[in-house]
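Please find one structure pasted underneath; my questions will follow.
Chain lettering (A, B, C, D and E) follows the sequence in which the chains are written, and residue indices restart at 1 in each chain.
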């Protein structure tokens, strides 16, 4: 079996799973449904791993042609190279773990088979997104994940309490993504007009041949691409959907809104690096927006009380960090952070899922506390995740963040400074979350306490696997300064097989600076840990109620009022426009105008028929007038004749 | 010829069938017509022009009575026959289907539509154009809401005004062409008379603009849809609207091509306004049918704007989009019909939680919703993609305007879907889908996904026709037919 | 007194008596004035050498038709009170309209009033004679002559149909 | 010409057979005569008849077609009226006789070749109609209609005679050919001729019922009976329109551009006034009268069309007359005490034949293809298109108002509320409906045969 | 000139008289409300036409116009008959010959 075939099988396995579960899943026992879905994704992972091992050069698999137009064709092609296979590994790997987790988490849900159908469908779409060899397939996947995300966020649409909120959140996500999609479409159109193809490789070649031809259009294209990325990867200004998306079941949050889908924007940018390299302005914009997002999201996360909301804002913040890296041209660094982030954020979400599961669907951290003893495995793994994200030395997050900070330092100390603030805030809110959930006393009441229990094995195994990965994930791309030959494996891996990835090499950094930076980061993480411990464990500080908050806490707690601002600035005017147009323009002017006209015409009949007075003498009179008129016509006309 | 006259004969027979047998009769009749058209399809080579009726002698008034089809027309013929069959199927368990008048009128409507699509003579085209009005009008009047006279008047007079303008144009065309044969009309010489050509085109456009409907001519649509019976709405939006788009592609632009420079941007602008306007109004509509009506203004504005570009890709994409819109229209109006049928209301505020009670319906409605917002793998995606691309290439402003349909479309469709299907259950019981409704949704979905995955088949099918027309317009072709 | 003088006087009298037809309050007077007008017109015919028409005019118009009018007037037995009043405004409007008609026609035909110059009427004496007319009527105009019988039949049937009193059914 | 004699003799014969007081027999005699007349008209060779040695009448191919149409429509009108006449056994024959005499007038008016025949034809056409309008003797509305028609008609006759006299004065002839020659020789600027032509035109506008000489129309139509109205609206209108068009397309053709301004004015005002006034009517016959004023407006476009005017008029008239006869038949069927339009509610839904006839007739009158009404309007408008575009557009706008009018009637009569309504329809009426339906649907096909 | 003198005044004069008679008839038709007088006024108008025709006949010197006058008299007689019988019928129905009374049909 050739690689091409394997690749196609890899892509189609989740689709097959979705089809089976979708069509007959309702009648199958839950165990079969869940394990089928999980195994298929895992099989995909195995195939991907095999391909990864045997990867030598970029190869393109042609499947079929969707449409052929005058000056371009639209094909379904797949591309196998280091970047796509790397993303595939993350997606299928973490995907299968989360599938496994879901088997336990969703076991009581009546829409069990539906859930796995959607999940498999999501994996399929995501694979299309990353494996496609052109922007068209990428767009297919891009839209596909959007729909799956919509379906999964609104999964509990008919929940008696939160049903409407869930579906509204889903809608918000879909629509905000659609705004981004429009950007992607425009980028595609511009590329079609300029390059007459959408193949990555061919566009890359064309640009490599004569970059100066494309500098102008590249700016526009990259801006549109970045708009798309902000939609999918929840950056300012389109980030508000992600926290709302937490309405979905927790595995969904872990898979889609932490590990995979939200990183599609980063993937897109990395994929299009040849274009971004031609557009320095766009890169500056990305940098600024990345910084803003990471700081704003971290700030909001500090005083959130919903366990998943904290993690959601954390995700937004981390994604911002990745965009900072992209803005500086450090593409592999961004991907490295994508990878480690996938590990620890998935871990954290699954951990929070386990907590929620244990707490009988309670998500408010004010009602939790002291869960460390009740759910030991969750506690340990969650702790590892927290440490990893906070940048505890030598865990995966430490290395990936450090790379970004190092690049930031090299580009500008100001950027570095701002990022350090964000890093500190990250550590603060994560430790706050950890301590409030797992330490102190249980605040949820006795009745709830008696129900709290450790999750089943299918849920804890993924936690443990992810914990291990979170700890050792850093190995993938160790800083070169310390581990000379072993370092930067991932950078080299991606560099060796992709085209045109040129970036600043961290090796050029001064060794001493690098070490100092690591020390600073470690110190920050440890310092915040110590401070948090003293605040939340020693002083037993609790999450404040709304009334007790001071100004900045309120600001953070209310998400900077961004939703409200959007509501007033965009939503309300459009809805107002809709109502006004419908009632004023449509109804009053167009509709009533026409009826006014017709009734006026009808009414004019009343005047014309008055002429018909019924008196013979009037008839005869008008006949005489007619003849007089005729003759006058002649007199007038004949006098003009001469 | 049997292709066109079979529905006429069947339609007349239908009036005499006892009501016990009328239900299967309607379905079988429409299926047999579909079968005939499929037989034509099998023998058809897209590179050919098939002339069904081609009298050699000349008639007075420049009448030629030519009839025939190319790939473009045959596509529409097949679409018509398929949709009519689906309409019969969708109405199977409704009272309306056991009414001989309805069946007969629908078959007569089919006759008129087939005649329209296959006519190759200007006056014949106009005749069939008007002829379609009569059956649909009676269907709306007899089977619509009782007090719908105002809406009907508006519908009838609007369309009639449009037709009369078209008639003026055809009369004027008589001065530029020896007779009304399509081939002669296309070759009509407007050299140095671009403005006259634009005027003639404008007259024809007026008729089409009313039917499409383009932005300021749309007010008849929403009330007509709201008052119409489900089958009538389907006929209107899935087939009658398409007549106008087909007419634009096949008749209006090829005939008055020299005048396109004058009309191109005004119409594209109107289309663009329609896209945004329809979508914005649809956002706050409470009645499902009204909402879909405004959505249709938005969708068709895009197609009309795309056609005006008259590039090969744009027309191919328009055809794909025309078919997609027919599928969507039937699906969505069936959904609205099902809701109205079981709950006697279409107001979104009164609905809610249906998906919980009737999960199958919820699912298929969702599928239709997604097809309508043209997600990938559905027919709408590729059409919308290329159309917006072409518009974007023509001018970026119109491109961006057109792209708002992506966002706005999602807004109003999801609002409609979620408002009626999700949320707290406000209804006691809701009978889930019957077999025929399943079948309809299934067929529509398969068609939509099939076209979405492989639109090439349609594109290949119609490409030779468009090229032929373009050559005809350029005068490269010496006509032997 | 030259013929010209006679014809001018006749013309004036004709117009005057015609005016009296319109102005007379009583219908019977109108009838009488109308008969007088016809006499004047007939005499003008004679002046123009149309003797046969002059006679026919006298017999048919003044004789038959006017007698019919009088007969109907008597039959209906309309007394003075039944005579409809003409409203002043209506009359003024009507006179203005008629006057305008007259003026407009005169204006339009003003060029014609040198009509006769340069033309030479031929065989003036013969044209209006019975013999001439009779020959024409039964050769050139035979078809109209025969067709006019249809008119008379129709008028006869119609008159009988309308004027006849329906049979009264006596119980 | 032979047809004329056959019809006249049939009329006389009908009067005699009428004495037997067997209405059925009378009908048979009359119909046989009409069919014989139709056939003799049909098989007539050009200019050959027993009267050919005398001048006065001549029939070209077109005139023959109009003659056939007139006879055919009379046949329909006669059949249509049967249900009504037979109740009045005393006068059944009188009705038929008068209608047939009137028809002879119409034929004279179609085939005239000098002013004598023209004038006589017009009078023979009119005088029986004056009588027929007022034939319901006890009905004060009928006698009012008769009075109005008679006085306006006589006044118009006087005007026309004055016009004929002036034309004679300027051209010195009553023969159409000679008049035409004289005009073509350079008389066209003569004031006397022009005034004469204008006065004739005024009288014609009166006869066809166009503004500003239309006033008699609504009153007379409403006052008369359905049967008489059917004859008036079809045959009388046909003959008058044909004579008008014929005169202005041949004899006065040099002057037609000169009068075109007036004709266009009359057309447009007729169209709008007719349709607008019709909108507010409650009486069916009155509404039809106004609608006929508007349709006359359309027909007058033929006056301006030298080339195809008569052929266009023929097609237009067959559509118009057939629809009108069909509608009047339906009105006869549904009429109760009065001819209120409310009687029409739901009749089309109750009876399919009535429904189909009604819908197609109304659509044809609104100018919707493929019915004859459309082709008539199409021909008339298309010929006027290049010279009088603004007026054609105005006419089209007016026809939209008309469509609204007919649509309203259609909606009213197709209302579902009529379900189960019982309508009495005789076989003869059904026959009339079917024949006129065939004319409405297929009348235009004659264009292709030619 | 001499020939013209044969018919008395000039042709123009007769035309003038004829127009005057016609106009007077028209005024009568417009002013009078009595139907019989109305009918008489119409007869007056017809006589104006007759006069005109005879004038032209004299002028052209052929008898065609006189034959036409003959037919006009024929028609006038028939018309008068019909007119009077309509009048009688109308009188029977409404007991009046005032045309102003006949206005039930209007609008």
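The criterion applied here is as follows: a contact is a pair of C-beta atoms (placed from the backbone, for glycine too) under 8 Å apart; a residue touches a chain by one contact, two chains touch by 3 or more.
The structure presented is a predicted model; accordingly, all values stated were derived computationally and were not measured.
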What's the minimum number of touch steps needed to get from chain B to chain E?
2
Kindly list the shared contact partners of chain C and chain E, in label order.
A, D
Computing the C-alpha centre of each chain, which chain sits at the greatest distance from chain D?
A
When D-E is set beside A-C, which has more C-beta pairs in contact?
D-E
Chain of greatest Cα-centre distance to chain C:
A
Using C-alpha atoms only, the most centrally placed chain is B
Centre-of-Cα separation between chain D and chain A, whole angstrom
78
Between chain B and chain D, what's the gap in Å when you average each chain's C-alpha atoms?
42
Please report how many Å separate the Cα centroid of chain B from that of chain C, as a whole number.
71
Which whole number of Å gives the spacing of the CA centres of chain A and chain B?
37
For chain D, which residues are shared contacts with two or more other chains?
116, 120, 123, 127, 130-131, 134, 137-138, 147-148, 151, 155, 191, 194-195, 218-219, 280-281, 404
Going by the touch rule set out above, which residues of chain C reach two or more other chains?
90, 93-94, 97-98, 101, 105, 108-109, 112, 115, 140-141, 144, 148, 151, 154-155, 158-159, 162
Among chain E residues, those touching two or more other chains are 15, 22, 25-26, 29-30, 33, 39, 55, 59-60, 62, 64, 67, 71, 75, 78-79, 82, 86-87, 89, 99-100, 102-107
Which pairs of chains touch, using the document's own definition
A-B, A-C, A-D, A-E, B-D, C-D, C-E, D-E
Chain A partner, complex, touching residues on chain C are 90, 93-94, 97-98, 100-101, 104-105, 107-108
So in the complex, the part of chain D that touches chain C is made up of which residues?
8, 11-12, 15, 51, 54-57, 91, 94, 97-98, 101-102, 104-105, 108, 116-117, 120-121, 123-124, 127-128, 130-131, 134-135, 137-138, 191-192, 194-195
In the complex with chain D, residue positions of chain B that touch it:
15, 59-61, 63, 123, 126-127, 130-131, 133-134, 138, 141-142, 146, 149, 152-153, 156-157, 160-161, 164-165, 167-168, 171-172, 174-175
Help me check something: in the complex, which residues belonging to chain A touch chain C?
617, 621, 624-625, 627-628, 631-632, 634-635
In the complex, chain A residues that touch chain D
598, 601-602, 604-606, 608-609, 611-612, 614, 616, 618-620, 622-623, 625-627, 629-631, 633-634, 637-638, 641
